[in-house]
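The structure that follows is given in the form of structure tokens.
Letters are used for the chains, namely A, B, C, D and E, taken in the order the chains are written, and counting of residues starts over at 1 for each.
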Amino acid sequence: MTAATLRRLIVIGLIALWELLPRAGLIPELFLPSLSSTLAAGWNEAGEYGHALAVTLYEVAISMAFACGGGILLGAIVGSLPRPRILIMPMVSSLYAVPLVILYPVFTVWLGIGSESKIAFASIYGFLPTMLATAAGIQTIDPQLLLAARSMGATLSQRLVRVIIPAAIPTVLSGLRVGGALVIVGVVVSEMLISSAGIGYLISRYRTILDSPHVFAGVLLVLAMAIAFNAAIKWIERKAAIWQTGTRAGQNAAEEISTTTLQPAT
Amino acid sequence: ADTVRIGLPTKTYWPTTIAETAVRQKLFEKEGIAAELTIYRGGAETFEAMAAGAADVILDATSLVSAGRKKGVNSKVLASAATGYYGWQLMTLSKSTLGVKDLAGKKVAITSAGSGSDLLALWTQQDKKIEFTRVPVGGGGLVPNLLAGNVDAAVVYSPLSFQISKSGEARTILDFSKEVPPNLAAGWIALDKYVQDKPQMVQKTLNALYGALMFMRANKDASVKLITELYEIPAEIAALEYENTILKLETDGSMDGAKIPEQLQLALDMAKAGGMKDLGPAAEIISTQFKPVPTKP
Amino acid sequence: MQPLANITPLKPAGAIEVRNVGQIFKTTTQDVIALEDVSLDVKPGRFVVLVGPSGCGKSTLLMMMAGLRQQTSGTITISGAPIPEPDPNRVGVVFQEASLFPWLTAEENVEFPLALRRVAKSERRAKAQDALKLVGLDGFGKRHPHELSGGMKQRVSIARGLVQDPPVLLMDEPFAALDEQTRMTMGDELLRIWAATGKTVVFVTHSLTEAVYLADEVIVMSPRPGRIVDHLQVSLPRPRTYEMLSGDAFGTLRDRIWRHIRKSA
Amino acid sequence: MRGLGVKAARIAIVVALFAIWEILSRSGIVNPRLLPSASDTLATLGELLQRASVRKDLAVTATEVVTAFALAVPVGALIGFLIAENRYFADVAKPLLFFAFSIPKSIFLPMFILVFGVGFAQKVGFGFFSTIFIVIMSTTTAVESVKVEHLTVARSYGATPMQTAFRVYLPSMLPVLLEALRISMIFNLTGVILAEMYASRDGIGHQIATWGENFQMKQLLAGVLMIAVIAIAFNELVRWVETRCSHWRT
Amino acid sequence: MQPLANITPLKPAGAIEVRNVGQIFKTTTQDVIALEDVSLDVKPGRFVVLVGPSGCGKSTLLMMMAGLRQQTSGTITISGAPIPEPDPNRVGVVFQEASLFPWLTAEENVEFPLALRRVAKSERRAKAQDALKLVGLDGFGKRHPHELSGGMKQRVSIARGLVQDPPVLLMDEPFAALDEQTRMTMGDELLRIWAATGKTVVFVTHSLTEAVYLADEVIVMSPRPGRIVDHLQVSLPRPRTYEMLSGDAFGTLRDRIWRHIRKSA
């Protein structure tokens, strides 16, 4: 059995369980409504969910730009300058250690309860891991490469864009993956905590009144976002594969490329 | 001794005070049982915990019982606990001159959509025939957002309401305990299965809980002291909480009363107005099997 | 060659002055005196070869001339000015280890220094092609470093050094991984480029034959601490031919160097 | 010398942050009811730590956190390693695991009560669940960043998979791995506290939830500070390991 | 030397048989035929030197003999058995690039193969010390690779190869970064060890002098696709001396190889 087949079987199995377990009464509908009733609930309120999805996607998109873009850039800068790294990194990771979720209700005082506070929260939530992962990845770069670039007169920004980031690509990509996923989590969770729009809001509102099919219709949308995000990352990974030569990731990517080119496109 | 697991929706809420009193006065022991108290994030979470089998007897909104039946969770209200929203108030900043009527088109903070505070906000809109925006800010966000001016008013629970009223930061523009017509908002609840398996446990639990209420009514000083300690609030606020909520609670608890179906139906109707769907008739969720016999300390 | 803004009229482009330079490395265990009191004058346009036993400090000296490492004591000027930072307009380096960027193709690696200077795409592609042809890697431009042999990587690295076209070129054992034939061809190519452009070249090698064949001057170093123990002028006429290798003048020079190396290695 | 300077600079920054906090609150730029001053918060913190109940809550939370972490890290690292090592397993599991990571875990809190009831196992379970995915992902990436030539050398000397893991993978991935460890700890801590806030009889998360809902800002901030200090202490521990192990990096 | 479990009595330890071996690399752009129809027989205990222009496939051939890469066609046996996996009991490798572990000291790098076999700490420390002394790095054991010069790194790598003591030793340009004196000393050391242990050595070099000086047999390869174009027996007596370098027999052999290289580079 190919890996893809097995994976699909697992997914199909999970979907089947989702339908059958509640129907058989093995799990109360309150905890897991059957997939069909979830879909029906979502379909009946399609307009409401569509609007919520738009709000959430908007927040996710902006937070993603801040968290991933800013995280990679600052991580690369801080990671490649020894002095700031020694000084700043411990403080940044300590800062991240402050459980922000708890203080979130208080932050809304200054950020309002609209999209701004979600974006701020999710950006911070996704930014720090991205930055930390990138900075850590930078440290695994062969110093000889930086020396070579310096000898050719590369400015700091050129070193960043042309050497540091490409050399740290495997770690940067994982930073992107973690950061991006956390942005989605951050937006949804902050919407669940405090808000009047978005998927998270619908989830927690329906949860409060024990309307589980509608709760899970929201969860389904979150899952859909996660799938889309994973597809996007895969695409980026494939694009970046060529940069990863000389590492394990590169080996895998190269194999992937050669197997896909060898197989007839069906 | 057999242990009953009691689920409570938040810490600083009168059911917790009652259950704590029962523990401290050893009322469960006197009934020959043990009790384990668990505090949850809110009403829905408490109900879920009971449905999951993690709690045996809970205090919760009666509407959830009705909603739960449609989701495969069969439980009933065993004893009536409160017929009003004691201590719940609609508040503005002290310096604000807004009255209830002036809230039209303004922003009012609630804890979360579908919660008790949302219910009261919706009721206010209907009753006062005004429209305002309900802003869910979470329990922890109510006062901060009010103080910061992000909202014009907030639906505040007790004893928080007493606290910020006393501190002079906010003032009450509507007292829900007085304005909302009596309805059976909260009761002690258990799964049908638990009632069936362990009716004795249920009876003893209710005895101890109502015994605790009786003890509190009879011992103001001790009760105020307990509230002060549990809630970490000044004694004077604790006294307000005692006067305005504890003393207002149902002392009988019996679900036999003539007014019960009507009061329960009223509670369900309010919940429906708040967005709940699929609620069955009140009769479906009433259990008259138990009559609490307050345990003597 | 691009104009050099920062040279004084008195010190023409390409002059190298090393004055009483020392380099001490601090390591966890002890301090290492890599170089001690090294002084050296290279006139513009000279081809200077640096030889010395393994670990004597040749690479360290080159790194300091390139502005990639600061000396612990003494001064170094290139074209009349100190070099606190690498300056590709004054100095180019070919490293001892190929140091190619693994994510770039051979071609892109060679283009890299030009891309940094924002040379137009077509121009830099053309220059890279020329440089690759020069090092015998015509047709290998699209390969990535891990698809090249050791010697090929080193040649890509040489091409990258040449394409920068600075007045001073520092080359650290550039031909070490090459076979003798390729090595000769590339040596001749290098001499041709050098003669045509008037660059100053500082070249490190372990091959004494190569040293004498290429050099105007040979500098011999001894290790621990690294010092200059001899400085030879190679007065063989140019162009050099392989026949000279068997001549007496050649043999004498080679032997003189050999005795130093033998003693200190 | 340089180490001392960095330490001094760090202390200076921390002091400056507290000073700004104090000034913001005292001067009324920020409503002191919303942001009690640093000194008040610290005083409250001292007072809270005097309480036996708070100390017990901290002990409970710490036990849950440590247990969840001790379970999640080895299990996650193993799975992550398998994914990186075994193509088939990777193709099956990687998309599913990466997908699972991007779901807000708190949605599943009720499920944990359903399975574990309310108590130690539920907190540890949720802490584990919140942490394992990030451990898996980080391990996978760390493994993938290892240089091929180092693996070749080890292979040529006949290193067993175990030896390769501990002698090549581990040291070369260490910076990435330790960073991952730090982030994992944060996830773990947040997970356990969320679970405590959701349903519990004790634990510091339980207290914090109550303080928040009662608008007891001093206690709330002191509680957050308490957790932050624990997390920072762990961070520093990892950093200490890191500096001990990474001296070969320039 | 440890006992070899997996040899047949007929094929003694150290024999190498390469039969019609080919290697094709698939790259993104095109397929590269690195080796084509290479056959080769090395008797146990022989010292074989592999020469050929850069990129002709020497490293590739060595990697296949080491079991680190599988040939596309043909068979390779070492001590009578195929080598689908690296087997340190049969074959040891010194890589073209030093490939030291940056997180280990020189000493620890050398100990690495022994540590894998769970040799006792004191024993492996002693062996590592000996090997480091052999390559002239006495006293550098506590340094990390980044604190060593290029030639020093290569010598650590040689020490690492020697310390495992397998019947077959494959060495890929091990002396490329060394000065001539060190190179000679190390060559002589290698011959001494070889003579004492009866190892089979396959040695890649670009120095034709070194090739003839060290070898029992020299194998000359041509590039694209890599093929064996000559196989010389070096019948100079052992021990070899530097005087032989100027002898006629030496010159003839060297010239014969040189003509091949010249043609194909």
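Quick notes on this structure:
By definition in this document, contacts are C-beta pairs under 8 Å (C-beta built on N, C-alpha and C of every residue); 3 or more make two chains touch, one makes a residue touch a chain.
Note that the coordinates shown come from a computational prediction; the quantities given were computed from them, not determined experimentally.
Chains making contact with chain B as well as with chain D: A. Path length between chain D and chain E in the chain contact graph, taken as the least number of steps between touching chains: 1. Across A-D and A-B, the chain pair carrying more C-beta contacts is A-D. The greatest centre-to-centre distance from chain E, using averaged C-alpha positions, is reached by B.
Remark: chain C and chain E have CA centroids separated by 29 Å (rounded to whole angstrom). The centroid of the Cα atoms in chain C and the matching centroid in chain D are 50 Å apart. Between the Cα centres of chain B and chain C there is a gap of 84 Å.
Of all residues in chain A, those that touch two or more other chains are 31, 105-106, 109, 143, 242, 244, 246, 250.
Of all residues in chain B, those that touch two or more other chains are 48, 52, 139-140, 144, 147-148. Residues of chain C found to touch two or more other chains are 28, 97, 146.
In the complex of the two chains, the chain A residues touching chain D come out as 2-4, 6-7, 10-11, 27, 31, 86-87, 90-91, 93-94, 96-99, 101-103, 105-106, 109, 129, 132-133, 135-137, 139-140, 143, 170-171, 173-174, 177-178, 180-181, 184-185, 188-189, 192, 200, 203, 219, 222-223, 225-227, 229-230, 233, 244, 246-252. Chain contact summary for the complex, chain B toward chain D: residues 5, 10-12, 36-41, 45, 48-49, 52-55, 139-140, 142-144, 147-148, 159-160, 163-164, 169, 231-233. Of all residues in chain D, only 6, 9-10, 13-14, 34, 84, 87-88, 90-93, 95-96, 98-99, 101-107, 110-111, 114, 134, 137-138, 140-141, 143-148, 151, 172-173, 175-176, 178-180, 182-183, 185-186, 189-190, 193-194, 197, 208, 212, 217, 220, 223-224, 227-228, 231-232, 234-236, 239, 246, 249-250 touch chain A in the complex they form. Contact residues on chain E toward chain C in their complex (touch as defined above): 25, 27-29, 32, 51-55, 57-59, 96-97, 136, 142-143, 147-152, 155, 172-173, 176-183, 185, 206-208, 258, 261-262, 265.
Remark: chain D residues 31, 33-34, 110, 113-114, 117-118, 197-201, 206, 209-216, 219-220 touch chain B in the complex.
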